[in-house]
Amino acid sequence: MTVTEENVETLDVFGSRARAWIEANLPSWDDDEVDSHTLQNLLFDNGFAGIAFPREYGGAGLTLAHQKVFYDTAAELRRQVPSTYMVSIGMMAPTILDSASHEAKLRFLPKALRGDETWMQLLSEPRGGSDMAGSTTRLTRDGDIYVLNGAKMWSSGAYESTYGLCLCRSDWNAPKHRGLSMIAVPLQGTPGLELHRTRAANGNLGEFCEESFVDVQLPVDNLIGEESKGWSVAQTLLFHERNAVANIGYGYLGRTAARSGSAQRSNFGVLAVPEMVERARARGGSPEARQAIADAFIEETVLGITSGRIMAGMRVGTHKGQWGSMLKLQGSVAAHERARTALVVSGADGVIWDGDEVRIDNPGTTWLGCRGGTLAGGSNEMQRNIVSERLLGLPREPSFDRDLPFNEVIRNQGKL
Amino acid sequence: MTVTEENVETLDVFGSRARAWIEANLPSWDDDEVDSHTLQNLLFDNGFAGIAFPREYGGAGLTLAHQKVFYDTAAELRRQVPSTYMVSIGMMAPTILDSASHEAKLRFLPKALRGDETWMQLLSEPRGGSDMAGSTTRLTRDGDIYVLNGAKMWSSGAYESTYGLCLCRSDWNAPKHRGLSMIAVPLQGTPGLELHRTRAANGNLGEFCEESFVDVQLPVDNLIGEESKGWSVAQTLLFHERNAVANIGYGYLGRTAARSGSAQRSNFGVLAVPEMVERARARGGSPEARQAIADAFIEETVLGITSGRIMAGMRVGTHKGQWGSMLKLQGSVAAHERARTALVVSGADGVIWDGDEVRIDNPGTTWLGCRGGTLAGGSNEMQRNIVSERLLGLPREPSFDRDLPFNEVIRNQGKL
Amino acid sequence: MNLELSEDQEFFRETTRKFLESEMPLTAVRELYESADGFDRDWWRQAAELGWTSLYVPEAHGGGSLSGSPTRDAVIVAEEMGRLVSPGPFLPVNVVAAALARAGSADQQAEVLPGLLSGEEIATWAFSEPGGHWDAASVAATATPDGGDIVLSGTKSYVEALGVADRVLVTARTGDGLTQVLVPTGTPGVTVTRGRSVDMTRRFGKVTFDGARLPLAAVVGEVGGAGDIVEHQLEVALALQCAELVGVADRTMEFTVEYGRERYAFGRPIVSFQVLKHRIADMTHWLEGSKAVSDALAGAIDDAKPDAARLASVAKAFVGERGPDIVDECVQITGGIGVTWEHDIHLYSRRAVVDRALFGSPEEHKERVYALLDV
Amino acid sequence: MNLELSEDQEFFRETTRKFLESEMPLTAVRELYESADGFDRDWWRQAAELGWTSLYVPEAHGGGSLSGSPTRDAVIVAEEMGRLVSPGPFLPVNVVAAALARAGSADQQAEVLPGLLSGEEIATWAFSEPGGHWDAASVAATATPDGGDIVLSGTKSYVEALGVADRVLVTARTGDGLTQVLVPTGTPGVTVTRGRSVDMTRRFGKVTFDGARLPLAAVVGEVGGAGDIVEHQLEVALALQCAELVGVADRTMEFTVEYGRERYAFGRPIVSFQVLKHRIADMTHWLEGSKAVSDALAGAIDDAKPDAARLASVAKAFVGERGPDIVDECVQITGGIGVTWEHDIHLYSRRAVVDRALFGSPEEHKERVYALLDV
């Protein structure tokens, strides 16, 4: 944080100012939906975008506590806020802020915070899974430019983003974590880049994309951080990602205060508690359904309260480090459990319907994809590793590839 | 098995013979309880003890299938069978049969099968836990005798047994698994041996003992198997132990067909299903109690059927190896879950009672010790390792001490 | 699957597996997703030739089981179908055949069984009603005798293969008792609404009876006296369903563990990580228990064991919970690719999640187990 | 525990912890196991001097809370007591003080509060009846006005510290409403049966009212109008209980993880095994969630938030389940020694398992949560 306590507007003063502005300027939940880009422009042009970002990069020069006040106030007043910048402004922009050169920040951040350019991450690879440091996407310096070759997948929303932050290997003789670089790849109309949207298990084209890079040429100043020091940039990115998913930190952008309020479906299309109650009542309110629905409500309530506690702890200094992982884990465990509860509650009506059309808006189809949340953004297993190793300091998993030159690691596969 | 198919009495012929003898000789469940030793003598003297052991060692020279027929028939006819030889005859005697010299078998087995001498295992050590191969009990050859020094614990029933099969270290320069020996230690009145019973969490003196050995002198022919090849004897013992706990193999001694039938309390004092139903009804049969009790019954039923399937599979050859671990795991998971269910079913009456006396016959106190079954005989974690590694052939856990001289392992502790 | 199959049964199993592998691989199942009926009539006739529809049909009508124990034979097919999430109205056709063989009149048997046997005709069972309960007490549709006729009123839901069925065996209420009527789908007063499910190929439907009138000769068994045979049908349905779920879970675990051995992360095959190994160990006991109880149920039904009804619910409660759990855990092991259309695991999730609900959920069967505890 | 304690509160917490560590270590708790009362009167008076009994007592009567928010202060003590499974009637005395402060007459306050404050007298709350439900609907004991008297009939169970209590606050039914009466234990027609529990030091009892007659002045609040104050008492009891369970779970996890770091097997500290690490990660979120919800409840009660009742049940359902689960998992990590008398962990299991049941089980509170969902 580049902001010190003394020169910052107090939360109270900011709160009053924000409240007045929100009342005067943001549309009500009851109005027609206003598109996110328009709203983000409005926030930016009035000094309410990137609230915790320095002013020189287009932010408001305040703190995360101010950001929370702003979005909480908007929710309290039932006013619309931009709904599509969780990744770009909640995860990528803070990564750029923490890792990029001053020039790169000046070049990228203001447009990102205004919503005029959007960013996403290019981390996972087709056979990489959770082991992101095993990247085999190749970055080669060729005179004045970099050349990128390889493939990425699970890239959320790449088809509609301006830039992807791409993790790739620039040194094949260094150990795996020490030969990686992070570079910004323009995603629209770039020669040598092909992009496909992934079809999800429910049959629909999902958010995720696959990209292939064949001799993609990139300016050298697209590098974020130093060459072959990209792993720490990736770590920063993952930290912000988990915090955003856990609804703490820079990602506190009013997600839980969306237009439709608490009755909205939670992530991954799982039935929300009120919908489950409705279904259970329709089927006679069986006791096992009551207990399971209560469980869903309890987990949701405790998760919300726990997030609040962690944010308070970050403020007062009792909670440092990877608590976002714990919240992300708790949230995805609860969402997965709720997908199962929706089956219990719905019975045969959850999987069978009248009519000849394929439908995906039912608990059965949702269940097919309900592992999305326990896998995306680092699987539950990865989060449990992080919580136990980095938060609690328990011994690390034995590693078989950490200190070997990466070329050798590749050769060793299949030999354990 | 030293018995070949052709010279064995058929199961049908044996079944008729056994049925007639049981009807004529074994006391009914409704009679006064007859003590186990008397009953075992009776079985032995009539050729029905050690049914699957060779005749030369006091057995009946038949097979495990015959043994099952005998005990199933006794249960069907509601006749008493000896109830206290699970360890001695179900686990230790088969270990001796598989591992000891001909002379040792002649010396030990007939008395064991007749119930005149009883055996138990001395494997675990105070700081050893599941890592039995880390034994630091010291066995030293001194001319014509062995000298034993060290300590054991978790030794079930040692205070009332004749012999303990003791795992100890005879070579400190060999890697941990290759310097162990197994020796028979007389437990009653042996100079240098002290024995204490362990008090359980519920306050009662339990089955378990702790032993200390100070210069205990043992004849060299008490060694079971060869010197420093004791790990394979221990593996054999553990195999028979798990099978016995899982109620398959040599340990099929009519446990599930005990006098009081299916209404008896299951292992570790957990409420049985009928008792839980009674309590649930007394409290109005709450729905969550109904589901949990049904779960307990379902797990118990499926476990029984699964044991039957595994035994059939062992007969026809589809199931080889460590299936006893899977059953032991399934059984202890179910028993632990049932201890929790007993809490759900009993409410406050499960933990609070009228009167000034300390009582241990309640679900709350049982719950304190309900991890007994998930720890004893190899913890659930060990069984899951065995199932995944030895049954399914998944890669072994990385080991940090397997190939080092044991002296060095000891020095390394604390260095990981 | 039973560990002690006879040679005939083993041959039947192999024939079934080869037939499915060559004539209905997963690529073919995916193609049927787009189709209205979810299966192919010619293919079904081939399956019938292999004996899939003969097991419950008495020899007098050209049928016969391999072992004299039709459910023990039928679960062999059901399990293989689960392994390849195969289409086809195997369950409803056999339930109706079993009902007719046990309770049908000579005329009914002669008229209906040959068509089912050859695969030319399809029959299905209509039991549950909107709301989805599978117990006698929730049957609200009525069958009212009126002179020489029986008059049906009410609605039945979740009827498998209804859209292609020639006849529907309808379970209805007559006073305190149950009555079953075999109804040609074209009968006046009968309205069929086609429906779909989460499964790739299974189609269901809703059928409404608006005073539909049939001759008394269409009643299967006694008017008001069908309670026992309905229970038998439910048990057979549960046995076939549990066996299918066993096949689903078994095959899913096979390809998932194989994948996990090949797949490296952090320099190790992912199944070398202890948490995955332990989860697989737990799944091994879920799977082995599912196989054991599913087999035991088939035997208990054919041997008319007194606890068959309770065992049917024990089996559905266990397999209906553990089967989908296994598939679900396998998705987690498979990772992101497991929630894509491209990977086959969702075909197995689909079958599992429909089977979970159909013929009663695990939670409902636990209630039935509790009610049937004789303590 | 609240992350933003005031300086006063932080000092109170430290004083409480030091007092317990020096005056009531686990060895002393073990000694009290054999005693009839389970705690020591002199020790209790010392605790009272530290302010344990003053929090709900109005300043006019010599009491006062540190922060003006008595439950937020009281949970500080409750959590510390949980950490050392400490004895003493902290919960019932404070519940009665809270009730009197809120609904007691001036005479009642003047008569009773000074004794509770100083620790000289002990009062407890009798709410639940044989069978063990903690909701207004299951109160069957009656309080019947008769002239200038109120007549009590019925039985109350699971009453903490009843054997040593000077007064019992009894919740009874008058028609459709609830009435609370403060009853000296020596009153004719009142029979006290002492009882024990699984806990090392907590004693309970059963009290029977056989037409016991008290002056109307013994009624706390309105005859038939005690519903709201009873709900408040239940919420306070649940807040203190949840905080205690947080202390129990927190301390158990501390010493267990520490043990697991020191304990080697297979050449590694046992907490280096992935399955244990992952279990500890899950427990971390159970524990952190328990702390969060337990704190939130204390605040909601004192701030009279409209969802305090539902939050009380959310908290008990979560902490009452996860707290004992944490202890139970810790026993598994501790291994065999964890099921011996010698190891202290059973002291924590005992407290946890009693707290699980008392004031309603997690399952019962889930039913209440469902009933209170405003959808």
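Chains here go by letter, A, B, C and D, matching the order in which they are written, and residues are numbered from 1 within each.
As a working rule, contacts are C-beta pairs under 8 Å (C-beta built on N, C-alpha and C of every residue); 3 or more make two chains touch, one makes a residue touch a chain.
Treat the numbers as computed from the prediction; the structure is a model and nothing was measured.
Using CA-based centroids throughout, the chain positioned farthest away from subunit A is B. Across the two candidate interfaces, B-D and B-C, the one carrying more C-beta contacts is B-D. Subunit B and subunit D have CA centres that are 42 Å apart.
For this pair, subunit A with subunit D, the centres built from the Cα atoms lie 41 Å apart. Between the Cα centres of subunit C and subunit D there is a gap of 52 Å. The set of subunit A residues that touch two or more partner chains comprises 286, 288, 290-291, 381, 384, 395, 397, 416. Residues of subunit C in contact with two or more other chains: 268-269, 272-275, 278, 363, 366. Remark: subunit C residues 273-275, 278 touch subunit D in the complex. Residues of subunit A that touch subunit C in their complex: 124, 127-131, 134, 153-154, 198-203, 208, 282-284, 286, 288-289, 340, 343-344, 346-359, 362, 364-365, 367-372, 374-376, 379-381, 384, 397, 399-402, 404, 409, 412-414, 416.
Residues 286-288, 290-291, 395, 398, 416 of subunit A touch subunit B in their complex. Subunit A meets subunit D in the complex at residues 273-274, 277-278, 290-291, 293-295, 297-298, 301-303, 305-306, 308-310, 312-313, 316, 318-319, 326-327, 329-330, 333, 381, 383-385, 387-389, 391-392, 394-395, 397. Only residues 3-4, 257, 261, 268-269, 271-272, 274, 277-278, 280-282, 284-285, 288-289, 291-293, 295-296, 311, 314, 317-318, 363, 366-367, 369-370, 373, 375 of subunit C touch subunit B when the two sit together in their complex.
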